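Down below are the structures I want you to see.
Presented sequentially are two complexes of subunit A, the first with subunit B as partner and the second with subunit C.
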Partner chain A sequence: MGQTDLSLVAHLLRRAGFGATRDELETYASQSYEERVEELLHPDHAQAMPDDLIRRYHVDMSELRQVDAAGAYWIYRMITSSAPLEEKMALFWHGLFATGYTKLNQARALLNQIDMFRRHGLGRFDTLLLELSKDPAMLLWLDNNDNHKTAINENYGRELLELFSMGIGHYTEQDIKECARAFTGWTLKNAEYMAVRASKDSIWPYGRINWHFEYRDWDHDDGEKTFLGESGHFNGEDIIAIIVKQEATARFVSQRLFQFFAADEIDAAGEAVVESMMQTYFESDYEIRAVLRTLFNSDYFKSEPSRYARVKGPIELLVGALRLAGSYRKPTLGANQLMLQSFFMGQGPLVPPTVEGWHEGMEWIDSGALVERINFIAKELSDISQPGVRDMIAWLDAKHNGVLTPEQLVNGCLSLLGALDVDDETHAALLDFASADGELNLQNHQPGDAAEQRVGNMLRMIAATREYQLA
Partner chain B sequence: MSMQTTALNVSYVKTIGIVNNGYNGRGFANPYDTAISQDGRIYVLNRCDPARASAIRVGVCNLDEDYLFEFGNGYGEGDGQLRLPVAMAFDRQDRLYITDEENHRVAIYSAEGAYLSQWGARGSGEGEFNGPAGVAIDAEDHVYVVDQHNHRVQKYSRDGQFLLQWGDEGRGPGEFNLPWGVCVDADGHVYVADWRNDRIQKFSATGDFIAAFGESGDGDGQFRRPSGVAVDSEGFIYVADWGNERVQVLGPDGSFQLKLRGQATLSKWADEFFAANPDEWETRLQADLTPELPAHLDTPYHISAQTEPYFWGPVSVTVDRDNRLYVAETNRHRFQVYQRS
Partner chain C sequence: MASAAREKSLVVIQLTGGNDCLNTVVPYNNDLYYDFRPTINIRAEDVLRLDDEVGLHPSLGAMKQLWDEGNVAVINGIGYPVPDRSHFRSMDIWHTAEPSTIAKEGWLGRVIRELDPKGDNVLTGIHFGRGLPRALGLRGVPVASVGNLETYGLFTDIADERVKHATLQTFSRLYGGAAGRDVVKDYLAQTGSDALKGADILRTAPAQYSSTVEYPDGALAQNLKSMAQVMFADLGTRIYYTTLGGWDTHSGELATHAKLLGEVSESVGAFMADLKEHGREDDAMVMIFSEFGRRIRDNGSGCDHGSGGVSFLVGNQVKGGMYGEYPSLKLEDQLEGDLHFNNDFRCTYATLLEQWMGLESAPIVNGQFEQFDCINAA
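Presenting the complex of A and B:
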């Protein structure tokens, strides 16, 4: 494969993962594009930083009482996972089924929900919705613990239809009520005690007690219901079976996947891809893996105009930079700050602003967030003590026998940051910067010396480019 | 309830502790080890999470659940300060030794909490550490320190003079994989919790390999990441089987005797909390605190996360002169006390 193919694989990995190192790209180049897609879609033997090492070092990530620890624990997983699409899907579903720490005060339950997204995030959509409806964090987040046979609470039923499946305009207020009736009795174990603890943020006497699902038959309304034109003694499973066969659901799911993985905006060409995805959705019995396969293998997705058509979300940006820099590959003091750093950029994992999740695309960027984004990634990528950056320096040294022209320095660093393509104006500016100090001599370079620092400075400059902010 | 086989009986006595969400006072913050002074006071090492790191400290109480005092010199690298403390042990003069895996040293305090001295720096040479973990002191005041990332045990005089070392990374006899806890029996034998090899190794006082007990697994006599080890006056071996969220007791020959899963009750401090918070108490009375869990949560860790009486993060075991067993639980901010008879 040539450089063009590396660019395509890099594009795929930016979207279906968190980017890739130069070594990873070269390894993947021995596969066909379609083979790489299939491997991403089948994360069967994912490896990540071992849980025991994390828990031994970080007591806060063993107990998982606090959200910064839980968020950092997930970031560790995203940084070190060998199956990036599995994590990317968890991030996608977390944004769509946004459940937050505020109100729950139960970080472990949120991570259990993320685990559920790993298990079911590429599988059938009906299974995923069923698991979501049994998820204790979701149940408390949207008050289904207060949805009783004798007094329904519509909150979960409403959001299931509006935010999680079909979207507004495809159901009536009566459908919401019937949906809520069907989910009466779906609650969490010890719901009353846990609700009191959650409302008071009580950790006493011995820390958090985690949650799991409980179905209370005696509190379930088994009466006849009419939902989306169908009637019966529906329970929650029946409602989900009706939801997933709606065309509105197919469109909703396909559009959201398209916008997360392909482009922030759906143009006419994109609409054709969405329709193909909808067709796959039905043909595959609602399988998300199949829908994504249709997207990733589409000519639209692979085309040049599709590249750099999305603004990286803060978590994508942060994780991608850490994977390249090689920092935090083992338990590290201060890792909980990573979650806060991501929060300052506008997206704290496990703390979405509302049940609607985050506003994405260009809304990720404002002047404050942009400064946070650039400062963080520039600091990480210019840290020449980090193992990933040291690998980059060694690669440049070996490839050019220790002596690089300014252009080789620029092009080498762009390549090392994931086969990054920049426009002519940006390239010229980088070249001006590199040329100021002339030729770079890396022969006999020593850790931290001026030659290495020049590489770090170039990486820092590239981190500040428009293209690096895009996926 | 007690768990019993043959002649060995280990009975539950009580639970001491409550989570401390603040920066001082009664309660514990991620306890990592206990040590018993000669007068029977119980010293609890609070590892503390990042939110409470500035108040990193040792809390002292007694078996009657009186919170006596606490001491610490703050979070950091200065004299007597701590960052990630792991373990404690008293010498015969009641001086308390505390290891710190981030500061790579051993610090010594008086029983009243005054900082006395410290030694160690990051490295792999003699007198250096890379993540010191367990510490034990024998009857002659020799100090054994488990050097986690160097996969070895170092032996020192009470004042930090290097004496000898043994171990290397590996799975063979006398080799280690990220070892953690250590103890010394009445005959001077040294036992090491060989954490990532899922076994306990027994050595002479000069580091000669004697035996290894256990293998990976969750069956009787098997371990998953054992973190702590203690030996009582008759040679019974208590193992904090951390990854299995339990304690196992082995005979002097390493044979399986019994296992404990934990049976915590409300401490005196917990009782007082509920007396002041009747709304929580009322709903708690209706709750099932030992529930059946769905299959995807059927692991010791997840079970312990929502079964309050069980051990959760049983990181260390300590046995006192009266053969009382103290099990510190990192994630439940308490320790459970058992009595061997």
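Presenting the complex of A and C:
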């Protein structure tokens, strides 16, 4: 049993999860850092709000026809999951292999894809690409159902190389064609039926029935292909086996993981970490879990400068605030608005703008999105009726025997919001805000009284800081 | 008040869900219409006749009056190539002006960039609603999304005025101050200050506004009234955007559609009257569109998704009349049971951009498109 500095474990949880409450942080701080990393990397017994409970309260989350219900259903999972890295990885892969409702009109097929990310998101990259290539939502999203032996459709073949594995510049147009040829015959089980439906039916263009993968040998081009310098009668599996052993792929995957989990920009010190991640990638037979272990355990990741080096994405921000406030821990009427809310902030789950996913980092922020972000989290975290916020009030009361100086109020609330570190100017502004009303007396506080509301006001102010926008 | 040389602005009203064009501009003299639409039709004696062939839905009284004044261009048979009956994909196509690939840049985002290349005015384009329609989305182009002009801004949920004031003061301090070492924090500070500034400017608009025009109830009317308030306050806004949902009338169409059309008609009528009262009738043009029309055959209660549709341009500088061809209802002319579109939606975009906004259209709508002669020469 080791001990870990509270602010370091808070940093890890912001990145490898959606932040953590004060109680969680104290529990985790009694472990060694490496133990915490291993637990995060092995989400074997993930618990979340059970499906039957969700369905009992939300009829539309049973059928999962509409995208707002489906998006909210996933947000419930993110809010209540005991394995935050599993959900965070699903969100990462969803951003990288961005598949959108706009073309599919089938939210369930998308959620099946997200579930596949949960199963394989920390495993071997070749397995993941293989599952992706068979994923019904992806087959339709990138037209591989139109990729035939007699007439290839390059869409999936191209994006597999450009957006999903190697990045532009590491292959030729000919490689794209050969890659597409290898994936001919990889289609949907009921492709013809769905093609008819797509032209005739308006509400359900691709049908209501569940979608399945089918490999059609008769529609597969078994001819010889030359791909990235290798020749053979390649099928899709062979292409993936060649892709994953490329250095460009190792670099691509490591960089994307670095940018999602460590820092929006890769500086010189970050580049060294990326190179060690690449080395792990090959040594571990392309295992994402191992690559992340290298990242999380690196001195770079743990260092002070890498903290708050990322802009929180809208879903991270929303889920993190809800996990702290404690709202939506149980099925809650109106939960679908969470999907709309994250869309208003610029990131609706299951509706990425294009196959390129979202532009992250500073591009999350514009004046409209910032107003939506701050108004939402400020409202949630200042709501003193929510269970998480009530716990915070009780913690402050107990820690300071009911009477807090303005400085204790500021520091206590910063600590409760995930051990948030703020710079001196921010701290001074928060302190002046708290000092205007003098000492806070929480003795004999009653739900909703003025003393409790002052805590809510302080939490709102902290939620509105620049620091809270960062992870 | 500003001088006569005010710049032209464009108001876009998006009808989300697929407006049934056959029951909007009704071919009341065509027996095929009543054959295909035994239930979901508008009786010939009820239509507001525009000519011997077609007439407006009876809920469009105010639009009919604008038509009589020569201020409405009806663009029949509008659509995009290779129709896709998905709402989302269709709307994407209208938003990005790119029918063949999944594009990201909104056409109006490109317009705003042309109008204000350096982003000097954070209010050049405003969406009256929450979130940002893709039509307005473009990296680096600021667009305000105003859910409610009266209460727009930060911390709108704080009821206690004293707390609200203190919170806004502190926010201003948290996001103000000198630029520091950190690029991201500086950018956040700039954006937060801009948001505060934009909200402060916008909030002045309702206070300066007075009008004898009474807008009807409803969100669309409220949004159009907010647009009038912003327009009259001369904040330099050129692109105004709003949406009205509920047009996906698979069932119960007759009642729903009548109500929605009435809302559009009365709201646009009030808006035009307001512009006139303030001497602004030559400054703005309204475009009304929907992502697609609906099936020619009804389903007994409503109509399913179709392709070809109808758009309207409304304004004092519009040359009133019919544009495009009214699509044939004959079985052999149908497109898989839909009206066959005969003019690309980008023709209308190009017309507005070139003849109204004075912009080169090709880079914005991705190519050269024939234009209509439906706007008075400047």
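Here is the rule we go by: the second predicted complex is superposed on the first by the 454 of 471 C-alpha atoms of A that agree within 3 Å, B and C clash if a C-alpha of one lies under 4 Å from a C-alpha of the other, contacts with A are read in each partner's own complex, and residues count from 1 in each chain.
Rule of thumb we're sticking to: a contact is a pair of C-beta atoms (placed from the backbone, for glycine too) under 8 Å apart; a residue touches a chain by one contact, two chains touch by 3 or more.
Values in this document were obtained by computation on a predicted structure and should not be read as measured data.
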| item | value |
| --- | --- |
| Contacts of A:Pro205 with subunit B and subunit C, given as first, second, both or neither | both |
| Subunit B versus subunit C as contact partner of A:Phe213, first or second or both or neither | first |
| Partner chain(s) touched by A:Ser62 [first = subunit B, second = subunit C, both, neither] | first |
| Which superposed partner A:Val311 touches (first subunit B, second subunit C, both, neither) | second |
| Subunit B versus subunit C as contact partner of A:Ala464, first or second or both or neither | second |
| First, second, both or neither for A:Val196, with subunit B first and subunit C second | first |
| Partner chain(s) touched by A:Leu333 [first = subunit B, second = subunit C, both, neither] | first |
| Residues of subunit A contacting subunit B in one complex and subunit C in the other | 200, 202-203, 205 |
| Complex interface listing, subunit A residues touching subunit C | 100-103, 105, 199-203, 205, 264, 311, 340, 343-344, 346, 353-356, 359, 361-363, 365-368, 370-372, 374-375, 378-379, 425-426, 429-430, 432-433, 436, 457, 460-461, 464-466, 469-470 |
| In the complex with subunit A, residue positions of subunit B that touch it | 17-19, 21, 30, 32, 47-51, 83-84, 101-102, 178, 180, 195-196, 225, 227, 243, 264, 266-267, 269-270, 273-274, 277, 279-280, 283-284, 286-289, 291, 293-294, 296-297, 302, 305-306, 308, 312-313, 330-334 |
| Of all residues in subunit C, those that touch subunit A in their complex | 85-86, 88-89, 92, 102-104, 122, 127, 130-132, 134, 137, 139, 142-145, 153-158, 163, 166-167, 170-171, 173-175, 177, 183-185, 187-189, 191-192, 194-195, 198-199, 250, 295, 304-306, 336 |
| Residues on subunit A engaged by subunit B in the complex (per definition of touch) | 52, 55-57, 59-60, 62-63, 65-66, 68-69, 108, 112, 115-116, 119, 189-190, 192-197, 200, 202-213, 333-334, 336 |
